[in-house]
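Scrolling down, you'll hit the structures one after another.
Consider the two complexes below, in which subunit A is the common component and subunit B and subunit C are the respective partners.
Entry: the complex of A and B
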């Protein structure tokens, strides 16, 4: 009896140690980045240790001030102006479209759904030039419209697909009973489907927020004024081989730019779990 | 049914209205103004890092003060991705009025219909008297067309750690040949097995091949007619030399250097920790490397073979300033370039942030002010003693360069003997030349 318990404890201890080592390995680059924001250039490239030999305190303040005309306050607010409407519109439009595909029968549904999925398979590189031409002729270049307007028309097919699958898993009986109670289609969406889809919507928000936040290529192509740069472009602005790069400042700003997505994730996690538990009636 | 149709028509027209709204507003804003002193907005794109950004913005500020009707918006960022963005902008006809162009892109851009104003037609607006136009034409010209004006000058050379060379009894001089390099490499290895004379990053191996080839027969890798610029024997000699460098420990084994083959010495721990002492580089990278290093650096001339047909040292313009053909304000753009390159005050603000100026007037001012770092001007003047023939379009082709890098690796990792590598390289390069022609 005693032996068995001892065995169990050692087993648990060993697995915890093992997990801890793996965990440290996984977060090491992240910790290194934070510590690098306090290191000198020379140390950043010549050692992989975490504790700086000589602490540089200026990384955050100087980095925030930026290199040229604008500070990171502007770049951060630009990013929010780009990302927040995009996320909001994505959620609204994708849910509407997904609801349509999941709950209604109409002519050409299969073909249309196949088209949505087909656009999911299309690599971004293929459409980037034609899209640029279209946005150019609409006069949308150097604005955030190329990000926001397509989001309002449900062009992010991945999210449609995800929500369709989710809505399909909600029992139709709930819709039917609501219909008997006198709800029309929109009311069903609002009163029945929306609350039950909350976990999926939260995932859409998290995914879309993080992807748009980190998006470099589209921002690079559509935004040309430095005044309108989002953080992802601003971070790269000072990296050039012909000059001394203050790596600690770049690292410091990278740490800060990671914060909003991370915070969002932890804040949403609570609702995420809550959402899952309220959908318990599914089974 | 009828109602249905009306609804569709309404919906469609609403959609059209929404989509065209920005276009309508944009068109409304562009009302014609009286000609004199009408406000002009110019866009100017360049790459670089903080020092260059700040100096350039300051120069722009000065220009705007002097010309209150002109505003110039800078579009700046890092070098990587700059070209992709430029190509997209050119495809969409939305490129800035004043564009910075790297010499490596020139032949590519010329093939795409030369989207820049011919500099030779702007002699009235831009004072070009201080420029060596022969040099400008070699890298940026074709027949009667010149893509832009070269801003700075870049020279290739050996940057070295003075303390390291002294410690291992390696004497620097501007008379090194390729044999000296091996001899010194052996000397360092004899003293300490873990130290190496030098390190070439992936990019530099290609320069080494190109330079050696010019010294052997005066040719570029591919000739203008896309034929190979070398015989089997000549390339074998070069690959055998690379093999010797690895075998004698003049350079570190390839599997040790691989982590740093795409970066420069300022990010290479083996340079910072003094495990090797020479880094071949172009002069524009010196300030960054020097600042990162905890030791003194100096420059010596690039190796030149004894009876070299052409000394072959690479001297290139650091970048061209061009005027976009589709720009609505070409004259204003040219005037700004004139200010940027020739105005005394602007020169003093910009200093050497774009390399040593090619404009002799600007260079003289900076030399008199003593603002060019000694080691940068050393490397450029050493390189100028042995300027090689210019590179041509085919040899600067990115695919040709990638293929060449591959074969350096084959030899470096001893996957192929120099003879095998030569045969395979000649075969594949000829095939590639046909496809890019």
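Entry: the complex of A and C
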């Protein structure tokens, strides 16, 4: 009996040590990046330690000012101008569509919903060239409309799928009784479904914010003038000239670029993890 | 449960129909304009010499013929991509499953570890992480400094054609958190009685794993497999930003090739053909996976839809 307990304690201790080592491996690169942003260029290359000899702020100050015409104030505000409307429209359109699929009976619904699922599997790569041509002929290139307008038309089908799952788990009796009380379908959506769907909506906001924030390929294709660059393109630009410029500036700006998604994650991680485990997509 | 199936109303209520269509109208428009049209157009483009520079001409199967017979870069890229997928996806999933099983042992601080492990998944695709990777694994980067200090000596992580693809794969494995969360949720759903019964029957640890855990988790595993495979086949940021497809095209992954053909060389017809080949490959893998797993979602409303 004693032996068994001893064995169990050992097993648990080993598990903790193992988990801790993995945890350190996971966050070490990130911590290292933060520390590098406070180091001098020489020190970045010469030490693997996390504590800088002396904390240097000029990586941030000079990095923010940027090497070209524009500073990172512009790149950050550009990113928000791109990401925030996209997220807002995604939430509104996806919720309306999800409500339509989850709560109404209409001809062809199964086929249409199968198309939602099918478009989930459709790689962006297949449609990106004709989309580019469409946006080109509409005069939308080098604007944020190629991100915002498709969001307004519920083109990010992942979120429809996610919200349909969620709305379907809300008991129908709730809206039936509201209907008997004389609520129209929009009021039912607004007053019953919306409050109950809040956790899923928060997941939509977080996922879409983080993905749009990190998005590089679409920005690379649609945005051509530096004045309209989001942070991802600005960072790429600094990477191209890093051989002559200070690494610590690039590191500093990279750290800042990761801040909004990370803050959002920590603020709402409960929903984040729930969202991913209930719908189980992407990652 | 057949006897309990409700008698289906075959008639649709008119106002119900109208409201339903109205709510999904944004999606219908968006689907037609931004998904179905581009999807069909890209198929048509794939039989043309379409380029933004000149009027397009139909060339029949020429693009596909060229791709499979004379474009050496296509084969290089396809091989690198398949190798990358075969390395990164199982690596990530096995690691994620293993960690999920450790976390499932009813330890304390699970939430803390889960958060830490999940963090890289949020940042993984960003330019900042590609910059970090490029730096950590450069010839005089941190990883090599560490390896030198413990006497292993440095490796040319990104400069050697044999290693570069693996270094990209490590970046994928580093983002195992999202898969791990899914596995953890799946593991929690396995009825504890199954394990107790197995213990009573004297089944060993390996047997329990292969006879209970794996089969019970298989829907989650298959699902993860599909999504991760699709993502890995499309990978663009890391090879484009970290190695620019090099050295010697060893990390010239399919996504980079598509981007370059379409938007650098403006061979949009050819790139469309290549995107359809990618699509067929992905669909092939997906169909296989789907066939083997007919159920992976659970509906509160019993599938009545």
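Following the convention adopted for this analysis, the second predicted complex is superposed on the first by the 228 of 283 C-alpha atoms of A that agree within 3 Å, B and C clash if a C-alpha of one lies under 4 Å from a C-alpha of the other, contacts with A are read in each partner's own complex, and residues count from 1 in each chain.
Criterion: a contact is a pair of C-beta atoms (placed from the backbone, for glycine too) under 8 Å apart; a residue touches a chain by one contact, two chains touch by 3 or more.
It should be emphasised that the depicted structure is a prediction, and the values quoted were computed from it without experimental measurement.
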Which of subunit B and subunit C A:190 touches, first, second, both or neither: neither
Partner chain(s) touched by A:236 [first = subunit B, second = subunit C, both, neither]: both
Touched partner set for A:155, first subunit B, second subunit C, both or neither: second
Partner chain in contact with A:221 - subunit B first, subunit C second, else both or neither: both
Partner chain in contact with A:254 - subunit B first, subunit C second, else both or neither: second
First, second, both or neither for A:80, with subunit B first and subunit C second: neither
Partner chain in contact with A:33 - subunit B first, subunit C second, else both or neither: second
Partner chain(s) touched by A:97 [first = subunit B, second = subunit C, both, neither]: second
Touching partner for A:6 - first (subunit B), second (subunit C), both, neither: neither
Subunit B or subunit C, by number of subunit A residues touched: C
Common interface residues of subunit A - those touching subunit B in one complex and subunit C in the other: 45, 47, 128-129, 132-133, 136, 220-221, 236, 239
Residues of subunit A defined as touching subunit B within the complex: 41-42, 45-47, 67-69, 128-129, 132-133, 136-141, 143, 145, 220-221, 224-227, 233, 236-246
Residues of subunit C defined as touching subunit A within the complex: 9, 12-13, 16-17, 19-24, 26-31, 33-35, 37-39, 41-42, 45, 52, 99, 102-103, 105, 107, 113-123, 125-129, 131-136, 140, 142, 145-146, 149, 174-175, 177-179, 181-182, 184-185, 220, 223-224, 227-228, 230-231, 233-234, 236-237, 241, 255, 258-259, 262-263, 268, 271-272, 275-276, 278-279, 282-283, 286, 297, 299-301, 305
Residues of subunit B that touch subunit A when the two form their complex: 19-20, 22-23, 25-26, 43, 45, 47-54, 57, 73-81, 84-85, 88-89, 91-94, 96, 264, 266-269, 272-273, 284-285, 287-288, 291-294, 355
Interfacial residue positions of subunit A with respect to subunit C in the complex: 12, 15-16, 18-19, 22-23, 26-27, 29-30, 32-33, 36, 45, 47-48, 93, 96-97, 99-101, 103-107, 109-110, 112-113, 115-116, 119, 121-134, 136, 150, 152-155, 157, 160, 165, 168-169, 172, 185, 210-211, 213-217, 220-221, 231-232, 235-236, 239, 247, 250-251, 254-255, 257-258, 261-262, 265-266, 269, 272-273, 276-278, 280-283
